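Scroll down for the structure; my scribbles are underneath it.
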Amino acid sequence: MSGFNKVVSSYADAMDGLQDGMTVLAGGFGLCGIQENLINEIKRLGVKNLTVVSNNCGVTDFGLGILLESKQIKKMISSYVGENQTFMDQLLADELEVELTPQGTLAEKMRAGGAGIPGFYTATGVGTEVGNGKEVKEFNGRDYILEEAITGDFAIVKAWKGDHFGNLVYRQTAQNFNPMAATAGKITVAEVEELVEPGELDPNFIHTPGIYVNRVIQGEFEKRIEFRTVTEEA
Amino acid sequence: MALSREQLAMRVAKELKDGYYVNLGIGIPTLVSNYVPEGIEVMLQSENGLLGMGPFPVEREIDADLINAGKQTVTAIKGASFFSSADSFAMIRGGHVDLTVLGAFEVDVHGNIASYMIPGKLIKGMGGAMDLVAGADNIIVTMTHASKHGEPKLLPQCTLPLTGAACIKRVLTDLAFIEIKDGKFHLLERAPGVSVEEIQKLTAGELVVPDNVPEMDL
Amino acid sequence: MSGFNKVVSSYADAMDGLQDGMTVLAGGFGLCGIQENLINEIKRLGVKNLTVVSNNCGVTDFGLGILLESKQIKKMISSYVGENQTFMDQLLADELEVELTPQGTLAEKMRAGGAGIPGFYTATGVGTEVGNGKEVKEFNGRDYILEEAITGDFAIVKAWKGDHFGNLVYRQTAQNFNPMAATAGKITVAEVEELVEPGELDPNFIHTPGIYVNRVIQGEFEKRIEFRTVTEEA
Amino acid sequence: MALSREQLAMRVAKELKDGYYVNLGIGIPTLVSNYVPEGIEVMLQSENGLLGMGPFPVEREIDADLINAGKQTVTAIKGASFFSSADSFAMIRGGHVDLTVLGAFEVDVHGNIASYMIPGKLIKGMGGAMDLVAGADNIIVTMTHASKHGEPKLLPQCTLPLTGAACIKRVLTDLAFIEIKDGKFHLLERAPGVSVEEIQKLTAGELVVPDNVPEMDL
């Protein structure tokens, strides 16, 4: 079998090697584009003291929220953690560390981690608590702060379609943080809705080239909706 | 009379120009899309990775993969595009969005804004708000002029942790439309039937009042 | 007409506003994915003292090379300028300034310019002439140099398909520097092979969202090949 | 006998492992793709924006939009992807390419490499070479051991402008396979029929020669 067949057949294989104290990067925005079954597997493994880098932390009983519930997360690096009462409770009880990071900075930190850029300057957060203790430099008369790259021992991403090379495409706003997380994991695991034949994905329109992906698994998704807002049919 | 949420949205909508790319924050800003003036087209950017956001879907169109930054189900209009969070904030940080409308807890005379945290009470995170206020040249803050208990939210100095420093130039409240410059609030317009005195009473930061303060045209 | 119809009907309109001394960012790699007719229009306009940021500078009689020939370029910022004798001649005769920039750094500088990142650190060029005079900072025990963003008064890009919103898709390796250039021009002009109806481009697979593009024009392309290498048919 | 260009490529090809992503520079490195060992699959990265580069096209397949970093017409294999230059160098700079093979004018005992410029004579630019040597952990430099005039190219200190500092650990020349460590060249293998003395004579930097220097297996 070719070294480019990255398909694994069990969730145990997909998350093999995950250990206590590791850093896990996770794509997803709210409950959209999350790795439902990989997260379940992390819960099953019971590994502790994880640092999880993800824009949000799911809800109490779904998504990353279930790892808070089981107290497997030591620290979250996120931009927004509302919508999760467990989170608030653990934070106020000092059971959880959190590093609040502006959403765009978080996305760029992961991209930088994958792209060999150890640090970059941004105006986001200048003069706020986010800028505390960070180097400030002036460019063209404006102040910017230095933000450093993020990488992870594991990255978990959710894609729409993938092939055995690890090429991935995402669907609509389920893309979000997944492409950046994919680039920044030492081991990147992709959970896809549909595993397609090699050559089926148009090479012009691959969101994540297979070079970034170590393991691929096809999953079944619930795709829970957080806020179901509708227009009345005319 | 203080403006209703809908009236706030209507007043903001008058600032839209044809061809604008606009980011609307959660809450009142979202309502602005209902009042886009006749003959004007704007395209809405949703920072979770969508340019060309449309209205909420009808029941049969609902798609878990298509949400806005408030995690609500939405639709995409013709000409829309989807992209990653890094690409989305490249747009925002790079100053490509023409107008950003967002809410706040407090704004001060230096153009500082506090909108994401109340220590000890509310720790939800800044989401994309810090990037939005740092990346946009053209921002309108919408909020009530004072809290439910009558405490001013337009201050000499913000008391809550800042979302951004020296970045806000225009604030629309339920009572007034205010410009911030030279370390002062400048009263531009008042809500229909609201007196300058009422506005003055509920504004803690220094307020410059010109001789004539027109009522808003809604 | 909607403010989102960016189609212009003449090359004069496409390059309207270009003036002496401006900086022009141009996508393309060699002769692949270049803005053939926009470059011709710059020649026709006769504007002088341009700073041109482009990975290469075409060949003597095609692509950006024709602007060297007509001595309209004061300075080139490029990674590779072989394949062009005019370039060499003008450089040795001190008629042309050149700022040689590593290819990946050049791409990232343009991306940064479009993304509001004024500077970033890279290991590329550390300990070489490229690093001379640049700030060095250590991250995790390794030295990196600070590189600054590039933006332009104009950006010219070449796409495969585009719509009137300015949404663009590129084809194969004709993508190259075009997407980054598109983000970093004050005025971005796209020359496309095919102007398609609104809605025809799949919103999941837009390479350059219309927000970056100010003007779109449909062109006829020669698509000259620099090195025609073939395998004998079996 | 000094190795031919093809033999250099054959020797490099023995360093390939199944599943490797490989970037091959212009010239001799390009030839490596002709000698991928049986049972091994590699994927070639071309820094102008292609992962999964295939052989040159047959006449009727030629496509102006499909070239490699040397601007030659190529093909794409099944499983390939195209992307921007920024994304391509994110891969390279981020260390995702498993093996990089490139040429050089000079290499020295400190692992410095000079490959892009001869002041006053050759000013073509570094292209992607500086990014490649800075981004890769695993690099093989291929070059002739000495110039046409017999001048050594393995030096105590590079004399030409550097492409990268302290980044090269392995050099394959037409005479020898050499490792660089602790500020010295270490002779690992010699070309078939080439003596240690010949290699020594054409190496200007300090060369460590073990008791037994095997001939290359091609």
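In order of appearance the chains are A, B, C and D, and numbering begins at 1 in each one.
Definition applied: contacts are C-beta pairs under 8 Å (C-beta built on N, C-alpha and C of every residue); 3 or more make two chains touch, one makes a residue touch a chain.
The structure displayed is predicted, hence computed values, not measured ones.
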Name the chain whose C-alpha centroid is farthest from the C-alpha centroid of chain A.
-> D
The distance between the C-alpha centres of chain B and chain C, rounded to whole Å, is 36
Find the geometric centre of each of chain A and chain C from their Cα atoms only, then give the gap between the two centres in Å, rounded to an integer.
-> 32
Using mean C-alpha positions as chain centres, tell me how far chain C is from chain D in Å, no decimals.
-> 28
Sequence positions of chain B contacting 2 or more other chains = 76, 82-83, 89, 92-93, 135
Counting only residues that touch at least 2 other chains, which ones in chain A make the list?
-> 108, 111, 115-117, 122-123, 170-172, 203-204
Those chain pairs that satisfy the touch definition = A-B, A-C, A-D, B-C, C-D
Residue ranges of chain C in contact with chain A within the complex | 108, 112, 115-123, 137, 139-140, 142, 144, 148, 169-172, 202-205
Please name which positions on chain C make contact with chain D in the complex.
-> 29-33, 55, 78-83, 88, 91, 98, 100, 102-108, 110-111, 122-130, 160, 170-180, 207, 223-233
How about chain C: which of its residues touch chain B in the complex?
-> 2-4, 111, 113-117, 163, 165, 167, 183, 198-199, 203-204, 206, 209-212
Hey, which residues of chain B end up touching chain A in the complex?
-> 46-50, 55-60, 62-68, 70-74, 76, 82-86, 88-89, 92-93, 112, 123-131, 134-135, 161-166
In the complex, chain D residues that touch chain A = 17-21, 40-41, 43, 45, 51-52, 76, 78-83, 87, 89-97, 135
